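Paired with chain B in one complex and with chain C in the other, chain A is shared by the two complexes that follow.
Right after this comes the complex of A and B.
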């Protein structure tokens, strides 16, 4: 079973608000000092799903693709260390400042170039922009179905059977292959790369494809050709109007709080 | 003629409330000059209700469309767009439909979608949206390069209008239904006991600062007393202290209760993103510098283990007084 996994490197989503800065003029996040970028937290679950499906099928290949700067190699290496077979970095100055629609176009081109695939797996969303539209974008561009937010995936009779996480429960669906499936955090813990695998992964080569390799032209690239225009990016200001309840004991504070809420008709 | 089209999802024979909330948002856009408001819904029975909530025109698709996957909806949405001429589409960000239909519609029309917006406005006749990103640390404002502008919102982001039975509107029928490539084999509902978190008027939520999962029993006692629901931060859910279905935040539920009592929750931005719409916030926290304290109306800076039992006792006393 040939599976393609798309992963992304993002600023650490656990960056505390106090270290988070935005360059409002450039409309960009300023990398926090001493906090290196990480693999998008949903993506190792997509890789884990790919490895389990390959193991269950008793063979095949897991190819990892990431679009990003040179440093995104680390995200690919992480997946290779988990057990993926091959890595491809999509890197081009024209990818700077693009949106997820342009990203989906580039990924779809790369997947077509890879050629053989039964299944494409991605994390449910990237925790930086948190839009979750790339899986559906790639599926639509490739003309195949997309099944989102999977907590369980299995191959049954040449189809993919997926349990999806709904707002009030779960839904099990079946789609023909090839298909795109986006994987949710409910899928379960991804395996942790062992030292030996990390050493092996370091030796695996990562191919680099640029925009020309993907047949993308200048009018599809760069911030100027975004589909979703970014007009402003800023840190919201919060004005505190808090009333701190003061009293001699925690119990007394609690009573005052209850009485205030009662006076406000909130309880 | 431009206009706004709201996709109304139906489950268990009822229109999901997020559709009414989006109609409220659509009416506000219409007042700014976005044109008439239309809605697409599967099933004739829901047309009048949508008009009462703000639709000028309701496109009624076959009832069989309810509960089907996104690709079955695309032809009906296209027909409604063609007939209405709408250049703005609003959807509820639901796992059952909107989360998939929004981007599928966008890519089919070679245009963009802004998912999970928190504000919508019209600027020079075009849509401009605001949405949280970077785990709630930042806000982004977007416009659209393409003619068609699509946005989705989580439930409880916008306010629905009170139903007005005297409102009139047109009802039109749409026959177009697609065939989904995805087969739904089964649906399993997880019933929550008591009040649903998203619908609760009072939410009592706990975080990692509780230090101990057993503390949730106390939160449950308070929630029951206030006829509310219990929520949890992602940190608490990740530790396995409370079920993920009760998680409030960016990757969990969005709530906007009248009263949100945050117990030992520092207020990481990803949590705030799920509850900042709460009308009144109470913070019980040891750290006066906690984000949640700053966002609160009232804060008690102390150990919740001492504050909560006394608070529960006083609330019980006040309730007994009627």
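Right after this comes the complex of A and C.
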């Protein structure tokens, strides 16, 4: 079974709020000094799912693709160290500042270039912008089904059976292959890379493809050609005000509190 | 400056997660029990390749470079207790280096491979009731009888001693005194005549079991000897280098975490109109400790570079062990102090860290023994 996993490198979500900064004028997040970026937390789950499916199928290949700067190679290496077979880094100056749709276009092109695939797995969302639309975009561009937010994935008679996470329960659906499936944290703990696999990963090569390799033209690249325009980026100001309710009895205090809450439409 | 590769950093995360998931949740329980389930934990560690980082893959090792050992130590040192990291590093870097380097193929198949798989727990048995710092005065004797050694003696303060499946034992194999006439011998603990005399109660490192062991006419094949007969002292002196280095790496990881946690606490704790961290005295004291820790780390990395280059690192390893033994006490004391009354409470990590920190200046060669070595390496003998 040939599986492609898309992984993303993001700023460490555990970064303490004190070292997190937003440049409101430039509409950019200023990377925290000295805190290295990490693999998007959902993506190792997608890699884990790929490895389990490959193991269950008794063979195949897991190819990892990441679009990002040179440092995104580390996100690929993490997947290789978990046991994935090959890595491809999509790296081009034209990828800087692109949006989810442009990313989906580039990923879809790369997946077509890889050619052989039965299944494409991604994390349910990237924990930096938390949009979760790239899986749908890629599936649409490739003209194949997309199943989102999976907690379990099984291959049954040439189809994929996916248990999806809903707000209040689960839903099991089937889709023909190839398909795109986005994997949620409910899938379970990803394996930690073993030393032996890490040593093997060091020997695996990571191919680098640029925009030209993917056949992307200038009008598909760069911040200028975003579909989605970022209007403003700011950290919301949270203000807290304390008001002590004075009254003669607890009942009276409770009555005043209830009135205030109702006035503010909180109850 | 040392630059770790992406692979090194992935390994660091693996060890950190192992510590956070497999050690820390049980640290309180194991500290209270005075021991930990070595066989169970070592098997989990082995699965991730943590027990044989640099050893030959032919025996189940990882074949990795020494920087992975540096990382292993630093990350184990971040555990919530000192005992378990010590027990693990006894297995990886104190009881097995000589076996891996000078043991016969058969001996390695029989003992090293299961140790790296976590199926066997190992102890290093050097210290005796009447011989600690002065290793040359050990008395345990292995008398040759045909194809066997018949061993008599006792060993004390032996880490993993109540759970060990085999000991890497230093014993005399000929009556001449001093440095000569000693050999390193693998002694399986299921032999008649071997017994755990008692499990020792300690000031700290409670989660690690420490034992006094007695050997009465314990018979082992002569082929259980590591290297040449009579070379034991020299082999053990080299094995001590590994022991000292891993102890230093572990201490560095522990100290860095202790400072991080103390800073986080002082940032929140308010007194005299602001966070305690805003006090200049506190800032300067911590800054100075950070300088000391970083200096030690760079010294340790210089030693590690020497190991990678295949050099004799006795000088730097000894300096680092000495420095670490002293510094860890200062760091633990200061962190406890800056937590005030809370720092003295058993519920706070500082109390355990304070206790555990006292060992490094004694175990693996006391501070004064390091100074003794340094008088030689630095040409201070009159």
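Going forward, the second predicted complex is superposed on the first by the 242 of 267 C-alpha atoms of A that agree within 3 Å, B and C clash if a C-alpha of one lies under 4 Å from a C-alpha of the other, contacts with A are read in each partner's own complex, and residues count from 1 in each chain.
Note that a residue touches a chain if its C-beta (ideal position, glycine included) is under 8 Å from a C-beta of that chain, and two chains touch if they have at least 3 such contacts.
Predicted, not measured: the structure shown is a model, and the values here were computed from it.
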{"item": "Which superposed partner A:54 touches (first chain B, second chain C, both, neither)", "value": "neither"}
{"item": "First (chain B), second (chain C), both or neither touched by A:202", "value": "second"}
{"item": "Contacts of A:253 with chain B and chain C, given as first, second, both or neither", "value": "first"}
{"item": "Contacts of A:192 with chain B and chain C, given as first, second, both or neither", "value": "second"}
{"item": "Partner chain(s) touched by A:109 [first = chain B, second = chain C, both, neither]", "value": "neither"}
{"item": "In the superposition, chain B vs chain C on chain A residues touched", "value": "B"}
{"item": "Contacts of A:78 with chain B and chain C, given as first, second, both or neither", "value": "second"}
{"item": "Contacts of A:242 with chain B and chain C, given as first, second, both or neither", "value": "first"}
{"item": "Residues of chain A that touch chain B when the two form their complex", "value": "11, 13, 15, 17, 20, 22, 29, 99, 101, 104, 127-133, 136-137, 140-141, 145-149, 161, 164-176, 185-186, 225-236, 238, 240-245, 249-255, 257-262, 264, 266-267"}
{"item": "Complex interface listing, chain A residues touching chain C", "value": "36, 73-74, 77-78, 81, 192-196, 198-199, 201-202"}
{"item": "Chain C residues within the chain A interface of the complex", "value": "5-7, 9-11, 13-14, 17-18, 47-50, 53, 57, 62-64, 68"}
{"item": "Of chain B, residues touching chain A in the complex", "value": "69, 71, 94-96, 99-100, 102-104, 106-108, 110-116, 128, 132-135, 137-146, 181-190, 198, 202, 226, 244, 250-251, 253, 258-259, 268-270, 280, 282-283, 288, 291, 293-303, 306-311, 314-315, 318-319"}
